[in-house]
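Some structures to go through are shown next.
In what comes next, subunit A is part of two complexes: it sits with subunit B in the first one and with subunit C in the second one.
So, the complex of A and B:
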């Protein structure tokens, strides 16, 4: 059973009660919230995710609740907690939904040292993954959202998970975090995609979340092989240009963007080395999304014909 | 008995666990800072293949995190030796750093926040200068805290390295000078032993490590780590028990240092809570008077994983009583009254805890939710 099979009122009741238990890639999450106004958008963001039985093991017990006492009325707040620990200072109530997403990212990062966790987007064609590690402002999420709406499968927008045993990318297929100008760009580019209402004045500016496609979520359990490591950079007016990157530089780009490289020690070094070996690495400048996607499609087609 | 403690005592119990019980076990272990140690415990019991995949990932994550911290502790120890040796100051490790550097079983899966060292009182000033020259700085505290530490405490205000961010506690004895018990730190320094293979790096002798752990647990332990500290004691006592004659030496040492009280409590609660084997010749399980029953009421509550699933109506009271008791043991009444009044008027910024009935203050380490 998937979230989309629940009626809106059932979803709302569960969210406010024992919680919505859903699977996102390798993690089972229980989401609870007494902030009713996020229910409808949350249900659409996770529409295609599978519901998990309440007797199953849950990796993260997450809640976003309204503040206590007078706070409910005066400058209302949202408090994030994971199994009753509150790792963050509260945010304004209007930011409850982005906070839930950021909190879930925090859980994955803080509690998962059995995998390599990269701050990177990842998309796949078939079983080949393109990994896009990049600093904020590089257009990574915009490019990721565009690719996902043109036939690429979303593995993850924010955190790329690499198995230490197999070196494969494990998908999360969670919502894509769009910021500022990219919200309208993606609205125009993919009118069918579901985007939440924009939330203003967050630490990242205005944000909106885009639901992953049904195909991405339904294939989330299928891992993909790191095949391309692409460092995107949006530059106004430029053509889409791929420039090959040396393996030393590629290694540093990946290690720099690994959240737990320093914790994994030797295992982390091996995992990053293995990734560099299995990937073609590029720097990538782009301005027009269609051009950028043509480049990605060409890479996929080349890999496909080589494999034949 | 909490599920976590049950599994610690009887690792075989995991064969019977359902998925939702694994869920609870992992949550309790996380709250008690014992994920990594539980991982080692289950592996040592030959149960690696009995742990389902999802909980195994969390246990392994805890063990990897602990492993990384041990790595960084061993590196800090080398830096400390380089800093203190030229000034002729011995490097004597305490607590977690000692367990890790000496490779004791009590190190397994242990998470910790800082390195603790013991410096002879007469060399304290020199040690502080040498450390500051190497980049350790007193952490930002107000003037009251600086004065409090320097006048009344057994350690300098916590230090932090400006580049590596590692935390260091420099002790000159193991209890505040104002405490009712007054173990002589010179005896601890004299009995300290060099770690084989690590010239210039010493730890307290094993009986003294145990007595320090016990003294710490029953004088100033923070509720969130008490069960973790008790499992330290369990591992240390089991290690002690592997050599015949050690138990008598431990009791004699406690008498010499005037620490029979903390030792008695340590043996009572390791034995009762964790089933630590203790020779019958040592009587530590007597019912005791009303004072003991009161302590039991407190300690049986705080020596659980501090997770909502183990709390009862008296847990917040037990946590608060422990705070008061710890201060009561550490200071004479007039000083205690003054100190508590100051802390009430100018509360410190505290971490939130799910079992605390205090309102959460700003968390200084809180990451931005982004």
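So, the complex of A and C:
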């Protein structure tokens, strides 16, 4: 059973009560919220995710609840908790939905020391994954959202999970976090995609979340092989240009963007080493999304052709 | 004027048995899990580091050049000296080696 199979009122009742238990990639999460206004958008963001039975192990018990006492009415707040611990200061209630997403990212990062966690987007064509590590403002999420709306499978927008056992990318297929100008760019580029209403004045500026495609969520359990490591950078007016990157530089880029590389020690080093061995690595400048996607499609076609 | 010699930094020798290496296009990636440090080294830098990895080794630029020429007899000596000097500067900047100060 998937979230989309619940009626809106059933979803709302569960969310405000014992919680919505869903699977997102390798993690089972229980989401609870007494902030009713996030229910409809949350249900659409996770429409295609599988509901998990209450007897299954739950990795993260997450709640976003209204502020206490007067803060329920006076400059209303949202409080994030995981396993009944509140790791963050409250945010304005209007930011409850992005807070839930950011909080879930934090949980994955803080508690996943059995996986190499990269601050990177990842998309796949067939069983081949393109990993896009990049600093904020590089256009990573915009490019990721565009690719996902042109036939690439979303593995993750924010956190790429690499199995230490197999070296494969494990999908999360959670919402894509769009910021500022990229919100209107993706609305125009993919009018059929579901985006939440923009939330203004967050620490990241204005943000909106884009729902993953049904195909991405339904294939989330299928891992993908790291095949390309592409460091994207949006630069106005430039053509879409791939620049080959040496494996040493690629290693440093991946290690720099790994959240737990140093914690994992030798395992982290081996995992990053295996990644650079299996990937073609590139720097990538682009300005027009169609041109960028054509480059990605060409890479996929070349890999497919070489495999025959 | 005394000849300047270089030695391995103390931290380098202490964690030597834990250091991991991976060969890459540009040379070598060196990971020291004790220091939590990952560095990309040119092949010549690793070669020089290996020369200093025995406790008590203190080598000058001339010594390094001689070691490189022993390994690569066809290398032009002037180019070799330039490459050695650049590598020594890079290793010192990364605090893997330091100037030897006899007590």
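Note that in this section the second predicted complex is superposed on the first by the 308 of 308 C-alpha atoms of A that agree within 3 Å, B and C clash if a C-alpha of one lies under 4 Å from a C-alpha of the other, contacts with A are read in each partner's own complex, and residues count from 1 in each chain.
Quick note on the criterion: a contact is a pair of C-beta atoms (placed from the backbone, for glycine too) under 8 Å apart; a residue touches a chain by one contact, two chains touch by 3 or more.
Keep in mind that what you see is a predicted model, and the values were worked out from it rather than measured.
After overlaying the two complexes on the shared chain, residue contacts for A:269 are found with subunit C alone; subunit B is out of touch. In the superposed model, A:248 makes contact with subunit C only, not with subunit B. Of the two partners subunit B and subunit C, it is B that touches the larger number of subunit A residues. Of the two partner chains, subunit B is the only one touched by A:114; subunit C is not. Shared interface residues of subunit A, touching subunit B in one complex and subunit C in the other, are 262, 265.
Taken together, the subunit C residues at the contact with subunit A in this complex read 20, 22, 24-29, 31, 33, 36, 38, 40.
For subunit B in complex with subunit A, the touching residues are 18-20, 22-23, 26-27, 30-31, 52, 54-55, 57-58, 60-62, 64-65, 67-68, 71, 307-308, 352, 354, 359-360, 362-363, 366-370.
The touching residues of subunit A, when paired with subunit C in their complex, are 246-249, 251-252, 255, 261-262, 265-266, 269, 273, 276. Residues 28, 54-59, 61, 68, 80, 83-89, 91, 99, 102-103, 106, 111-115, 202-204, 262-265, 267 of subunit A are the ones that touch subunit B when the two sit in their complex.
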